[in-house]
């Protein structure tokens, strides 16, 4: 997929496995660009169809703007058009999002990913204006990131379809966990020729083959950092109609996903999951440090060892 | 109060009326610095004891970094030490907060105000590390901003007192609405000589004299933009022990506060309240435009007219 | 399926389509037993595998105990063992639940369905004790009803599996909407011979064939009142491995399900959905009155007419 | 205050200290009526102005209907009109509430206390109809119980005032913790002669003298079981305009209130608080057993001992 295909005139939706790329850090919290490029190579070798940098799994909420820019420049330069690169432009409201968008556009990304407003008490009319404002000021495809656990509002299916129809949104990454609503969007799209290229991507690690079965176009799995080959196999199997193989792969990945809990309840699920992904990449030799950004609580040696056991059980170590 | 008094060696807590300063905008969403300095003069003339810029009422969630810097520079330059200026350094987590803190320190503010982490799913241990990280990197007094409606966690009283005792926090702005917990912090402070200078400020517009009665040191009222004289009278009356006068003033202000609802339910409470404060300042001739930042829904003429009626009823127009 | 098969020594899990049976009312809010038996006949003719009376869709939260007893007696007597009848024993905590359980046991039901405690601020240890207490006092299979939208807590997968292993729970009706967690329970069961008969039922109307694909045993669809034949076809197709037919049926039912919104936002989703189900049954000639219990807001004529259009579009009128 | 005064024609609002009466249980979870009458005597001797049975503090959510009836009969018979007795009629929706109301009326209570609907997803129009339905079917004064932590909705001030004006509600027990909204109701009442007798009672243990200062009529403190004399002194001091004495009493009670946390985090706040109140009554020799109803987790000996230390520190043991 090229930038042209991602443009408003594109005829094809973004599809496949597009992992949210972890952001390797040095022990003093700088972006570890050598590890980052190795991680990108690992993902590309794993067969992913695109990369999503600066998402929640990338610790975007923890990265200063200077770090964000390094990530954007490093990844777009290294990928060099092999696959599309989407950039999270995560901030509280439209004007702040637009500042991030300008940096991302300069870095040469292929699409932008924005959530609904957060921190402020928002409202459906304001969510709509938020996305319209962002889209009007950027020339790139805009993907809505539906993430109620972080922004404390849910994007309505009717709003998504309307914004798709108006050319505001190129797609949605649905991390809401509401599979019934996801299905409503997929069926709502089916009936309208004008939004055939609207991409519906699930953010779930655990219900990927069923989302694809429902008609979703792809998946943005945090666990895809750890096992991109697994998600790529899953997607290929589903694309080939071999649903049983897809299911078997998904069930293996579900058991692997249990590693996200190694730090609980000593820390929050965020610290535990992001720390476990990085510990896994560290144990697999892909990144140099399992460091997560402050103020996340780091996994201790015992917890990291338990991550290793999950990797072994899944044949990854 | 001088910067010196606000330093870790200070002997006096921050006290009095410290309104969160609205951020006047031009119709194309630039900071209207002429209106901003008039607003500062209006507040100082009203008898306030400090200024809190870049808080929620200041639309901090909507302001790009460049706007934030203009606000900081404009206000610190104009105030020139007449009263302490606190700066909100509102962002998702510590490293991003520290970027804002550096700009605020350079502008010459007297203290910093930070919330718990948001967007990320946080945890008490991470909240503690967040505040410790920020305080360790900045030389200014740090105030915790307890705002569950925005950040979706509540700061525990024990944590606040521990961070006070460790010199991490200089005070708290409590916008949680939990007056029982607020009282627990006030009484917890009373017993400890080492944290006598820890400032407890209420963010409520509606229970100010009772918070002062309980032992709070001051108030950070959004409505104080519209009627600083009223809150200053309230605080003076309370300080003089004339609680009945304080109550009468509070009750008048409570009725004035109803203006925050003029836009409901056509928009969210945020848009309605911030729009109403600005409409009131516009109608009173203090700022040039009632503009609020996108994607907030603007008040229409009818709603602005209703704001005017509240002002008239309260003797402000 | 007989009571014996549902007993702790049973070898087969409860499977298939087990709709939560609407409770027809007369205009003065008495149980309309004639309509109720017609509804039961309609469901049995539709090919359902069991009946769940006194669930949320049955308006159990609105029915006095005397109404609950009439429903239990009417349905068990009329069904006379043709299919298993499960009874909701919905109340705040264990001792109150046990009172309902005694009435249900006397009526001759085949299993009981209970939620976690609600109204009270509960805790995982208390949820566990709640289910253990109920199971210890009743001789019938006990199903956990996972319904966070009503009880404001989520049943953990580990707890469910432990209670299954200890013979406390015979199954779960998952209305949490968390398909990833549902899948974790299904896979957790697969590895343990001792809980092979633990039933996993989805409460979703919209993701039934995918839940069955994941390994769920059945579905408890509110919409199954309106179109039992559709859900029975869906389940049979899935059981026969004809997943494309199951998906087509599910997609038709998803479009029919839109009728739940006809009353919004004039009323809550509860009133609108339960009112729409009853309006559909009324329009289809199965029940005599579309009455819902106070204080639900009744659908008006226009809204009922719109329900009719959904039925027509789905070939049900 | 007599029943007549509480009738719709009453001229005086309910005022003073009206504790929610704990429900003593035997070790096998029966109502311990001997302990209950001793507790009533203890409260009357403490100088309370009324009794509220079957509230949240009474473990109403845990009591079967037969227990509820025993409590009603025991207390009304023992009080014999010395003070008004209000009865909680806590259940999910109106028809179920009315069943409890009938039993309470027969027992001879002086007023009823009902929450908004719960378990069901409710709506403001349904909350209004709920209270109107209950009031229309009972001849007793009806008090709204505003308890968002249990019912997950907040009663709006405008609705309360409208229902007061229409004769539906005789008062409100505000346990929402939203003191600004409470104040709005108090001021809204002040302007209307027709609702002068509408009682505003705070359910907070910690902000009583400030609520009275704002104009509240009384308090319904769970901690009042443990120390009724303290709350009675607080109320008398406030009534006499000796606000400093009232504050000193409140501050002592706030420190005593810390006992509610002795069981945390091993159990929920409900179990811990209700267990601590009962442990205190047990240690003070007023009730025979500290038993709380299943599935609450009981305090262990160490936790009970810590309750004793709080009592000693407050001069109650």
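Of note:
Chains: A, B, C and D, in written order; residue numbering restarts at 1 for each.
The definition used in the following text is that a contact is a pair of C-beta atoms (placed from the backbone, for glycine too) under 8 Å apart; a residue touches a chain by one contact, two chains touch by 3 or more.
Bear in mind the structure is a predicted one, so any value in this text is a computation, not a measurement.
Identification of common neighbours of chain B and chain C yields A, D. Comparing the contact residues of chain B and chain D by number shows a mostly shared set, over half of all numbers used being common to the two copies. For the interfaces C-D and A-C, the C-beta contact count is higher for C-D.
Distances between chain centres, each the mean of the C-alpha atoms, put C farthest from chain B.
Averaging Cα coordinates per chain places chain A and chain D 49 Å apart. Note on chain placement: the centre of chain A and the centre of chain C lie 35 Å apart, centres being C-alpha means. Residue numbers of chain D whose C-beta contacts span two or more other chains: none are found. Pairs of chains in mutual contact: A-B, A-C, B-D, C-D. Contact residues on chain D toward chain B in their complex (touch as defined above): 177-180, 183-184, 187, 204-207, 210, 213-214, 243, 247, 251, 254-255. The touching residues of chain D, counted against chain C in their complex, run 29, 56, 61-67, 90, 92-96, 98-99, 117-123, 125-130, 133, 149-152, 266-271, 293-297.
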